[in-house]
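Given below, in the form of structure tokens, are the structures.
Here come two complexes built around subunit A, the first alongside subunit B, the second alongside subunit C.
For the complex of A and B:
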């Protein structure tokens, strides 16, 4: 059986700069949740950008459902079923909530379906329904998070790539955000997560992937990473001391 | 009453200026292209309407679609030739200033070669007519071109506000990557926005053709006026540019009527200086990128 997403020997970098991601391989099956952890600057965001098509890999291939994604534009990759929520807020702050939701459903050709998906998303996040006319950037952080995750339920992608979902959030919002992610995972969407808060990230995931200096260090079931004392000291040290 | 009359005339011209600047603002907002060729595209549109009037007697208001389409096609050609390839360059926005400046000179030269730099105005029957409301006197040419401009601006605003493609245009101008990530074909949105911006220039040209006298080199004067409107409104803000156009046009008319016509154009340049000194982001400049 081929996996849903298969990253094969991908090397990537920016402009004329050095390689940031080196010969990286990873695969993700349907409904699987994997969490990539690793120090700052390891190349985690760069890897996700390469998968989403924002950054073209220098070499290697990425296959999705057996199709090679090389040469595809980011919007085409998104339409195939790979949704990327980047580290910077993934909403349009100057558009209203209603306009943001319409943009979430932009890729759905069948407009009746799009409207019903938006309705369903509002059903899950009633706050959004009460604030349809509000400029999204003026909502509270928690409300903006709901708008970000409403996208997953609107487009129902096959895979969602999430970069540092808890970065810069208040502790109560971190809880809320991870509950959204668990909800997405339990709806059968495969998740590839990058997370600084390694403990939270691993608790949400089936597998933990450690990345350093652009390379894959190892990949193990998440609970093994969480339980192995030497791994905890090496890779989760900082997170544990908090 | 005289002051009311001057204000009404200023508003009519203001809507024409607003239409002239709307395409420039749209193109800057979406693509960060500072299109110095915009005014010469307006003049190209004016020539389309002028010749349709001279050769076939077609009313310039009725030839708005023809001028819009012609200039839009010219715009698409320009976009494909000079912008699309360079869009990925880091210094793209700066580059567009030089590219469009060169383009403006080339089109100016071509038009001057074909039609000479003689002053022209289309003169439909109503061009010399006027209506009186009480003792306020409004020339029909100004009234018609102002009202049709207003109509086109309203249609543009409704399209950008409510249509899905319009929202995608605004989303793209806020953040290209975010737009791409919800499945927007950003390159296509850019091409269409450029074509729409040029169509707006073409339609403004038709409406200008019977209000102002025009000749190819007149675009140099308009570049400065339109730039002052864009900066006053806040780079890339359509609402800002329209309000800027109305305000400056009225002030310029008042100065022309009560002080000296020689100073009315200076209003635009003075406003440009003042805005850049006092509030460089303009009236509505709220960009978050």
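For the complex of A and C:
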């Protein structure tokens, strides 16, 4: 009950389609890092969308700091302190870097605070400061990643939900991305990560959550999951028989 | 600007009604395309039924003028407000969808209003409303409209510029890229979209009121035709949608080409043919429009670069 985020018996799906996430429960404490892993179609991204409010759960509740999030719009959930970084780069490639940073700080009403946060983010990622007038989509992949994670430091959310951060990235960028995530985690922000690259994801996290066919398979400290032989089996499909 | 304010002086030296007419016609369309640019250019919602607000404004003021004798010059402000209210109501419904569905819904909207006003006997049905002509002499009768539309044009350009540089405009442009990404940045996208739609209706409604008085009649087959909406969209795209100066340049270029062809080839409707041709060429080779293309190539002179 005291956890920062608690997902209780959530069932979710799209349109009139079948349930993608079945009766799923999970909790996340302050400054904790959890990584959800599982094969394609396990419902990992769907779960994050349900938490972020983009998708309304069919049943079950999600509590954040004791408040029920059901019926809240995505922008309201974000303003409460849950930042969602969607799959693909969470930036606006048609806007300039400066405008993207203003977008990051959109939910901050206090103009002076927003400006100082943006300044602080530029301090962390100096390359963005040099390219303020450039259209974000024309920057290199690594610079765009910096812009994505600058958001976490601009709005200082309590939780950050990251959907497949390494998807479609070159190996060197994957390294960079995970170092950004570690940076976010070390600043005390709780992270809920969904990742295909299980090993990288687990190395970054405190806990590993294994999900398959919309259900929780098990949850263990990340280093134990890494050593667990059954993880390998899971990806090969043995979990279905269990 | 000053030359535009002083232009009516030419009337002292002879009858330049044609010049005055062309300039105020440009004012009208700059007002409309700049307003349209707010939702269509910044917001990315291509509305091909935006002259619904033009018609609503014209009918509102025209009806009051015909029945109570209050000149549309006084009621234009309220005509704009009525258009805004309709904009809110319509926006709440149609802005739920985007892309082609939105475009079709905007065309449907226009057809609904056309049918509605064709049948509505109180406002004259298909005959519309006939308004009294003003009592000024022929040379000066256009001047009140000239200044009224000049004011509306300046307001529309200012509004467009203001939106382009505001936080509201930034949110709008992010929505045009991706609604979900925008919403998870903490933007109440519904409010932003509907506000932009209503805002773009305001000056179009006010311009409709003035235009009704200028024509001295308000009829469904003049105000609720797709040609007007198509023109504002085409002018905006030709100049460069999503830029402040684009709609202005696009309007001037298109009106010029249109008049040039009309003057040289007569009323053979070749002008419509060339308008279409121009649009196809623009969309194929310069989808960013004149200003947008120049800006991309960094060839845009500074005085035209207002964002």
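Note that in this section the second predicted complex is superposed on the first by the 227 of 242 C-alpha atoms of A that agree within 3 Å, B and C clash if a C-alpha of one lies under 4 Å from a C-alpha of the other, contacts with A are read in each partner's own complex, and residues count from 1 in each chain.
Here is the rule we use: contacts are C-beta pairs under 8 Å (C-beta built on N, C-alpha and C of every residue); 3 or more make two chains touch, one makes a residue touch a chain.
Everything quoted here is computed from the prediction, not taken from an experiment.
Q: Once the two structures are overlaid on subunit A, check if subunit B and subunit C clash or fit side by side.
A: They clash: once the shared chain is superposed, the two partners overlap in space.
Q: Report for A:48: first if it touches subunit B alone, second if subunit C alone, otherwise both or neither.
A: neither
Q: Applying the touch criterion given at the start, work out whether A:93 contacts subunit B, subunit C, both or neither, answering first, second, both or neither.
A: It touches subunit B and subunit C both.
Q: Please indicate which partner A:79 is in contact with in the superposed arrangement: first for subunit B, second for subunit C, both, or neither.
A: The answer is both, since A:79 touches subunit B and subunit C.
Q: Can A:104 be said to touch subunit B (first), subunit C (second), both, or neither?
A: A:104: touches subunit B and subunit C.
Q: Thinking of the overlay built on chain A, is A:35 touched by subunit B (first), by subunit C (second), by both, or by neither?
A: neither
Q: Using the superposition on A, tell me which residues of subunit A are in contact with subunit B and, in the other complex, with subunit C.
A: In subunit A, positions 52, 54, 73-75, 78-79, 83-84, 86, 90, 92-95, 99, 102-104, 106-107, 151, 155 sit in both the subunit B and subunit C interfaces.
Q: Which of the residues in subunit B come into contact with subunit A in the complex?
A: Residues in contact with subunit A: 164, 167-168, 170-171, 174-175, 177-187, 286, 288.
Q: Where on subunit C is subunit A touching in the complex?
A: Listed in rising order, the residues of subunit C that touch subunit A are 167, 170-171, 173-174, 176-178, 180-189.
Q: Over in the complex, which subunit A residues touch subunit B? Could you list them?
A: 52, 54, 73-75, 78-79, 83-84, 86, 90-95, 99, 102-104, 106-107, 137, 151, 155
Q: Hey, which residues of subunit A end up touching subunit C in the complex?
A: 52, 54, 73-75, 78-79, 83-86, 90, 92-95, 99, 102-104, 106-107, 151, 155
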